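You will see two complexes here that share chain A, one where it goes with chain B and one where it goes with chain C.
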Partner chain A sequence: MSDLVEADLPQPFRDALRCLREKKDAGARVDAVSGNFAYVWVEKLAKNNALESAGGWLRLPVAFPHANPHGLITREALRGASEGEVGDGHHAGHDMCKPVAGIGGAHYYSWTWENAPPPRTPEDIIGVVQWYERRIRKG
Partner chain B sequence: MRLEFALTEKQHADVLDRLFGERAYRRKDPERGFLAAVFPATGAERRTLLLGQIVEPGEDDVYWSPEEGLVMTHRYYSRALSVVQSIDGAGLINVHSHPGPRSGLHPPRPSPEDLEADARELCFASRALPEGRPAAAAIVTPAGAMSVREYGFLRPRTSKEALSVKFGPKGARIVFAERIRIAGPGLRILPGNPGKKLRDLEVDGKALESSILLWGERGQRILGELCIGIAGLGGVGGILAEHLARLGVGTLVLVDYDRLEDANFNRSQGASRADVASRALKVEVYARIAKESATAPRFSVFPYRASVAEAEGLKRLLDCDIVVGAADDAFARQVLDHEAYAHLIPVIDGGTTLVPDAVSKLLVAGKSQVVAAGPGHACLECQGVYTQEEATVARESPGWGRYIDLPDDAEDQLKKELRAPSVICNNGLVASLIGVRILAIALGIAPRTVRGTQRFYVEEGKLAWAATKICKPDCRKSSWTGLGDSHHIPVGADLRWREIQREEGDAKAKRRLGRGLKTAMRRIGRRR
Partner chain C sequence: MGTGTERQETGKDVKHGVFVIFVGDIEEKWDEPTVTAKLIMEKAGVTEPDKFVLEALDHKGGDPVAEFSTNDPVDLSAKDRKFFRVTPGGGGRS
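The block that comes next holds the complex of A and B.
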């Protein structure tokens, strides 16, 4: 499925994906595309101090970097730095999980990029992952 | 598909300076030239070649020889090819000067020697480029007139074909660009084909007498030559369709997917109750109104039911010289912002925000705004017309105004809140300011009003200009200028349009099913 979807995605998005694989997670893959958003699985999504890996689907716009990331989907509910559950924007079993529900997507975190400098280049994908990791740590 | 050539005002000035001005190499030579990258920009019915990066010639790379004429050396071609090959989608253009005429803008005619030499050199160059990249040649006069022609060569697949005349320079298919567009911040359209005039436009002197007094028959012909796209036919776009037709604009392209209904009738100037009753498509109603109002003798209007945020709708606008953004949607605005730079088609955006008091419902604040973007202008995003986050939210779902965390029963209330107030008088003001801006850009009248953001502050009744005239330091739009098809414009799925298509599809299927059932019942009845 991944290859089929990827070939149809716009070049800047594919450039971002290449950059993500080179610099962050060689196994990053597109598991679904729904509407204007792609669900990109990143295994090495560091939780706490990067020793554990939470893993999750970044909900990235197909128009990336000209549109902002919106939301994260995970298999398990996330736990923050203090080991309490990450409550910020958490929606278990939300509709947004549907595109990856068949492969375990069950928890939706409705995180938006509001008030942050927007991504501008495909390479900004690395900053996006770091932003997701910060949100996980913040809980 | 017709061919055009486009470049920015800055590039045009640079080309003239390189060929005739201070920066001209070998100034005693009767002709000079250079090689440059060129990008295709493809609309539905128009293909434009856009001038790209010039490959700087060395002192002896281009010279005049009494025996051979203007020579561009193999070394220079080879260097230019290696530059162009590395640029995604770029082809090669050979540009050279003619010493005259020094006045007038009639496109210079290539000599038989020009045609032969260009075909020979470009045949060799196009074989070195990846398939599908354009190869072209241009001639420029000291007055700034240009003629541009694209060369198409059959690409040999076998050694036998490689030796065949059909696949060589003599097999070249030459197509002249019909028009040259020089964009930003103003817009000039010059003829590009030496063998053909621009449309021999008549002017209806009686109908247009009052405006001809202001800009003359020449100005009127410029308007008659223009093709203007209107993206969105709400309160502003609909009024503007009629205004532009009455002004004498030659061609309009209308893009919208909505239908007329009771809820938008109060701001649908020119539409009738019968249009609402039949739920007529806005593009069809305004095409009819524009046709009835047109003053240009050979006026054409092309209505398309599509979304400008999707590839199909955008493609129609890529056939235009100027695009008006009246869609009131951050997604569409972002798409047009990209198009303005990548395809050198200026965009003029306009809209109104009116804010009533929550209790009294009386107006407490509001502003109308008109903004131009494209080469020579700051972009819509930097002028504060939309943010990337707003363009993202608009991609989420139809009418999505808030992201999440709404109680399930909030939907109806939310819809009410999302329904922005709109008044035809403010729409008329915006449409008029857009019309005036088009005149400034296309005719060069009131040059100080070409660039920037013009705002009408409703509560003060004041019309003022915002300070922003250039893009922010981190803005990348100017780096996309003239990249044409090589720049990916972030089109996508307009979810509201998809929803309407689905609903109309369902209703159609239901009607078909209903008809089928009736027929079946009749048949059964007859058998009984």
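The block that comes next holds the complex of A and C.
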């Protein structure tokens, strides 16, 4: 996504993106916006196996932090912590992958923010990434 | 006290007889070796600790090696119990 389009996103979202780049992954970027969600690529997303393809797209609402994240898209199926694959909410080739399918998005994990504490500030993006990493770890 | 990348097996400060731990960048000192995750998170400023989990890290800014729910006891005398982070709990699927 060009800087011009990223500049059109709401200020709190851009603040969150800046925080993400400063504290977690300088290369984090918005690769697509579809409906109310942005697909944010995070290369430094901790996974269970060092041999896995790096990164994934967080589906973050453009209204973040005033709305909740919903879903993760990856290029390859996530490996489990012990063996096999992460099966929790896994949908290979789901329509939700389409906005980033052209750049490799192929696996959708339909994880919701249910029962999680609502984000309050743009800086809460760091906790959101940790939440995704925990879900990957717990499979 | 260790540097950012130095591994610390426990938070015990032998000289002062307290356990010094870090929740993110926040330093906490505890006299007793076992404390609930709730108290650790509250001391770090978390207002609703029941909605979060406390993750023990292998070093500052490192990888989680254990996690504790709000009422879980945390043995600060154990290995890898010096650096922690607070992570939102919960989550479902659609």
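Basically, the second predicted complex is superposed on the first by the 131 of 139 C-alpha atoms of A that agree within 3 Å, B and C clash if a C-alpha of one lies under 4 Å from a C-alpha of the other, contacts with A are read in each partner's own complex, and residues count from 1 in each chain.
What we mean here is this: contacts are C-beta pairs under 8 Å (C-beta built on N, C-alpha and C of every residue); 3 or more make two chains touch, one makes a residue touch a chain.
Everything quoted here is computed from the prediction, not taken from an experiment.
Contacts of A:Gly89 after superposition: both chain B and chain C are touched.
Applying the stated contact rule after C-alpha superposition, one finds that A:Lys98 touches neither chain B nor chain C.
When both complexes are overlaid on chain A, the residue A:Gly127 reaches chain C alone and has no touch with chain B. Contacts of A:Glu114 after superposition on the shared chain: both chain B and chain C are touched. By the document's definition of touching, neither partner reaches A:Arg75: not chain B, not chain C.
When the shared chain is aligned, chain C comes close enough to touch A:Arg135, but chain B does not.
Contacts of A:Ala63 after superposition: chain B is touched, whereas chain C is not reached.
Common to the chain B-facing and chain C-facing surfaces of chain A are residues 70, 89, 110, 112-114, 117. Across the interface of their complex, chain A is touched by residues 334, 338, 387-389, 391-393, 395-397, 403-405, 474, 476, 488, 490, 492-493, 495 of chain B. Across the complex, chain A meets chain C through its residues 46, 70-71, 88-89, 109-117, 127-128, 130-131, 133-135, 137. Taken in their complex, chain C has these residues touching chain A: 48, 51-53, 55, 63-64, 67, 85-94. Of all residues in chain A, those touching chain B in their complex are 10-12, 35-37, 61-63, 66-68, 70, 89, 91, 110, 112-114, 117-118, 120-121.
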